[in-house]
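Two complexes are shown next, each including chain A; its partner changes from chain B in the first to chain C in the second.
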Partner chain A sequence: MKFIVSSSYLLKQLSAINGVITTNPVVPILENFLFEINDGNLTVTASDLQTSMITELQVEAKEDGSIAIPAKILLETLRNLPEQPVTFSIDSNTYSIEINSDNGRYKLAGENATDFPKIPTVSDGYAVNMSSEVLSRAINNTIFATSNDELRPAMTGVFVKLDETNTTFVATDSHRLIRYRRVDVAADMAHSMIIPRKALTLLKATLPQELTNVNVEFNASNAFFNFNQVKMICRLIDERFPDYDNVIPLDNNNNVVVKKGELLSSLKRIAIYANKTTHQVRLKITGSELMISAEDLDFSNEANERLTCEHDGEDLEIGFNAKFLVEMLGNIDSDEITIKLSAPNKAGIITPNDKDEEEDILMLVMPVMLNNQV
Partner chain B sequence: MENSFILHMDLDTFFVSVERLRDSQLNNKPILIGGSSDRGVVAACSYEARKFGIHSAMPMKLAMQLCPEAIVIKGSHTDYTKFSMDVSEIIRENVPVFEKTSIDEFYADLTGMDRFFGCFKLASELRDKVIDNTGLPISFGLSINKTVSKVATGEAKPNNKIWIKSGTEKPFLAPLSVQKIPMIGEKTYQTLRGLGVRKVRTLQEMPKDMLVQIFGKNGAAMWEKANGIDHSPVIPYSERKSISTEQTFNKDTTDITRLKNIILAMTEHLAYQLRNENKLTACVAVKIRYSDFNTYTQQARISYTSADHILIPKVTELFEKLYDRRLLVRLVGVRFSSLVHGNYQINLFEDTGEIINLYQEMDWIKKKYGDRSLVRAKALGVNALRTFNPFKGDMRVAKVET
Partner chain C sequence: MDAFYASVEQLDNPELRGKPVAVGGNSQRGVVAAASYEARKFGVKSAMPSAKAAKQCPNLIFVQPRFPRYKELSHQIRDVFYEYTDLVEPLSLDEAYLDVTENKIGLNSATLIAKEIKTKIKERTGLIASAGISYNKFLAKTASDMDKPDGLCVILPEEAEAFVAKLPVQRFHGIGKVTAEKMVKAGMFTGKDLRKKSLEDLTLRYGKSGQYYYNICRAIDHRVVQPTRDTKSVSAERTFEDNIYELDDVIEEIDRIARISFERYKRSKAEDGHTITIKIKYGDFQQITRSKTDDPSINDEGTYVQIAKSLFTEQLLNEKGIRLIGVGISNFRKDEEPEPVTQLTLEF
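And then the complex of A and B:
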């Protein structure tokens, strides 16, 4: 088997899917790309068993065939070659691969393509279309709030709930929760799934900048994302997502309206003086003044700043992890935000004041239990 | 190093001195401080009692046999801590860097202070200040490093001071018994005696490699100390890094329910302390000592917390994992380490508003009426947790590790 392809074209396509490959896979063959040629069509697959990515490209080839090629060596070779057509010659008996370029000849050992795990294909799936922009906004807005706790797998992914009127993306690590809702994406029947974080991270990195349609298909166990010449298949997290709707309080009437930019930069400064492990800051709201303070007793560091805010309701003092707040505010586009509070022990809700008509963002954050008694 | 000045201060028979401050009738009498139960040990004793061959850590029963007329005092850890803090405060105000190594021992780095006052003068004034303000006798040794200063303090005692001038460390140490070197305990001493080594001079003259061959790594340190070499710095007094409590039983037990309840009561108590001091722990450990003195600990990392409902199950789980020998248990203990400042991060799904309010009410009651005013029913049977008396045989120690 033999084929000729442009080095930079191949590199571009391989780079798009390379992120799937882990450094120490369960099955060693997964350190390879699977190359399959069918009628001058080259299909390259990379997988870690949970997530697989596939890309297609046109090559010059006389015959069909397949081979597994070590990903790291191949990518490094391509990265260091100037743009030119390169020839791949594969010995189908020994699985040895010879790459010929203008600069010279490189020989490496491949593996039998039939050893490469089979990638699931779509069957009795259900499909929706959404734009790459919507999808990447949804991922960006939720993914940072997913949990790292492998003991609670449900929270290590983003919950996607399709409805007849809207689609909701939810992420939580049990200390904060993001609910991102789009009314411009809907399905004719209700469906829900949990997509693992790794798949979404890869998707985020691969989604094109320009507006493209992404076809999303899914069944009970897998989700398929299809755009341009890239396909991604991921195994869904088969767990029950926590009952998020019931924990979002509806009676938070203590509203604080602040300029997002001011609050964010203030928090970033104050957080420098907070404990490096807990990042704990205090927000003290008195009338129309918001005081942010932090202290790190181990180093005798402390800081406070005052902001003006619009506030109706009782005065309140509440403690938060500044890292959570900074991450949340960093993902909000609106100039002004509303923080809805009720009590120092209860969830706070952050929402943007001006937003797209199509989207609805709700960010919930749990406070820390301040020890305020005298 | 030639120009460094390290001061070591030690309160003489600290516990006895505190008792004598309160009751002058105790002056010039043999006094023993410690628990008088079967397993009580001598925590401290006066110089008069030492004449009878009594030393600290000796079983109280034996001490009483050696000196029947001695006055035994239970002692109050709270009082001692208070006096110790008073002394710390005086030292803190007067020296650039100081380290508190135990309730009655301090190191201070006076390097550089000689330009202004002369270190010996400064140290003497500091000593006078401590004596004037607290009424407690204190001794000090001043030299170029920690080891020599500590040995010097031992030589200065009782209630005196000594300055080992730079360059005279070796001749100062040479005539002393090797037991005076801080790292040489009973066992090492016996080994050295077996080798015919009695005086520090012999150690000084021995080749370093020979000691390394006998004692391994410790041998090198031992040789250096004997020669008055010690580069360890004075580590400034820092916040405690762990909190722990343990209990030795009057009688060894296998009563698993009782053991579990004690563990629970300990956890409850320590968790309250965490919350009270606005701290969180990320590492919990359980300790068991069986009647054969084999001691085992098991620890686990958790995410930062100070909540009873997370800590109690975790500690119980560790205890169950650890207690597998069905042997009589002599001691159990619980320890929280990896402490940071902070408050409990409320969990969105697991913590209801009621739970959080409950904690706050609970802590409020405990603060107002005392730690034991509100406990879980299981912990009710566990008595005496409130009496933090390390001087009784049946003791639970709230240890402060720095």
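And then the complex of A and C:
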């Protein structure tokens, strides 16, 4: 088997899917890219069994064939070659690979392509289309709130719920919860799935900047994302997602409207003085004044700031984890936000005041109980 | 106690008296747990492979250890200690620190107490003990090793500095064989040489132990005698007759040894261990450990064995085979109390 391909073109396509490959995979062959040639069409696959990525490119080839090529060596070679056509010659008996460039000759040992795990294909699938921008906004807005707790696998991914009028993305780590909804993506039947964080992280890194259509297909066990010449297949998390609607309070009537930028930079400064394990900051709302403070008794550190806000409701003092607030506010585009509160031991809700008509963002965060309230 | 296990064997079996005796297995992989003074003349030492000991001393008599009997005698000996003070810190079955500053019989001389204890031990058990007497733990321990067997060595406060200055680094309690070798290579042969080094220098060379070395070469040791020393770890290990190479066999052995180790853990005073460690010694004596810390604490056998087994993975196998496996638990502490400042959780 022999084929010729541009070094930088191949590098670009391989880099798009390389993120899937883990160091020290369960099955050693997964340290390889699977190369398959069919009628001058090269398909490259990378996988960690849970997630697989496939890319296609045109090459000059006279015959069909397949081989598994060690990913790390190949990528490093391509990275260090100036742009030029390179020739791959593969001995189908010994699986040895020879790469020829203008600069010289490189030999490496490949593996039998038939040992590479089979990648699932879509069957009984259901498809929906969305733009790369919508998908990456949905990922960016939710992924940071997913949980690391392997004991509750459902929360280690983002819940996607397709409905006839909208699509909802939900992530939670049980301390905070993000619900991101789009009305411009809908399905003709209700479907839901939990997509693992790793797949979404990879997707986020691979989705093109320019507006591209992403075709999403899924069945009970897998999801398939298709865009440009890249395909991603991931195993879905087969768990029941927590009943998130029930924990979103509807009667938070204590509303605080504040400039997002001011609050965010204030929180970043105050957080420096907060206790290093709880990251607790206090928000004290008195009339139209929002006082933000933190202290770390172990080091005698403390800090206070004052902001003005529009406030509608009783005076209130409530504690939050500053890291959560900073992360959430950092993901909101709006200049102004509304914080909806009810009591110091009840969830707070943050929503942007100006947003696209097609989207709806709700961020919920559980408080950190203040000492004088315990 | 002098050559404790071997002396007990000679005590219980008159035929062994005056003969070179080694307590320990004499199989291919056995080691000498204790050697009688007759055997020591031939260079037989504890921790020496039995095969090597037998070569050095062809008439060496190997005796299987009888730990229940040693324990019984150990208790009799400890009872003698408690007649003088409650501040007894056992180091092993046959060694203990005693703080007799204030003692039950109101005797003002530690040396006299040591003599009485030695006599009582001889009367009640027939065994010979050595004692070291001084004003801190380090000096007392060093003194006890000075003129074994049947020794009684006193280091008086005014002699201490001079004594330590002359002491070769190999004889310092707390300086191991390897460290002592390093010190000798670096030109430090005695306490006097050690004293010339600054605290910074010693800490740089020997890490945390630097501070201890800095103190002991000045005969300073502020450690108190702790009657109840907290158990820091409980473990069990086994050396195999033949090296093992297969994953299934390793897992089976870990299962077996973990259960033995768990038994010990339950019998010990220790509880609420959080870390399980497995130790693997390969055919070439290379040794590795793998450990896992879990919250909450590990107190049931199922979890204990399961964690121990999960620590060994196929990658840890190699062509040299495994000669020894150990399983242990450490990090004993109460589960962390929830912080008074609490992050609330959504109730799903």
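Note that the second predicted complex is superposed on the first by the 372 of 374 C-alpha atoms of A that agree within 3 Å, B and C clash if a C-alpha of one lies under 4 Å from a C-alpha of the other, contacts with A are read in each partner's own complex, and residues count from 1 in each chain.
Here is the rule we use: contacts are C-beta pairs under 8 Å (C-beta built on N, C-alpha and C of every residue); 3 or more make two chains touch, one makes a residue touch a chain.
From a predicted model like this one, the values you see are computed outputs, not experimental measurements.
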Clash or fit: chain B and chain C on chain A? clash
Larger contact residue set on chain A - chain B or chain C: B
Could you look at A:297 and tell me whether it touches chain B, chain C, both or neither (first, second, both, neither)? first
Quick check on the superposed pair: does A:124 touch chain B, chain C, both, or neither? Answer first, second, both or neither. neither
Applying the touch criterion given at the start, work out whether A:354 contacts chain B, chain C, both or neither, answering first, second, both or neither. neither
Given the touch rule stated above, what does A:275 touch, chain B (first), chain C (second), both, or neither? both
When the two structures are overlaid on chain A, which partner does A:345 contact: first (chain B), second (chain C), both, or neither? both
Which partner chains sit in contact with A:164 here, chain B, chain C, both or neither? Use first/second/both/neither. neither
Which chain A residues lie in the overlap of the chain B contact set and the chain C contact set? 172, 174-175, 177, 242-243, 247, 275, 277-278, 280, 319, 321, 345, 347, 364, 366-371
Taking the touch rule as given, give the residues of chain C at its contact with chain A in the complex, in rising order. 339-348
List the residues on chain A that touch chain B in their complex, please. 172, 174-177, 242-243, 247, 275, 277-278, 280, 295-298, 319, 321, 343, 345-347, 364, 366-371, 373
Residue positions on chain A within touch of chain C in the complex are 172, 174-175, 177, 242-244, 247, 275, 277-278, 280, 319, 321, 345, 347, 364, 366-371, 374
Which positions of chain B touch chain A when the two form their complex? 239, 275-276, 278, 280, 304, 340-350, 353, 356-357, 359-360, 363-364, 367
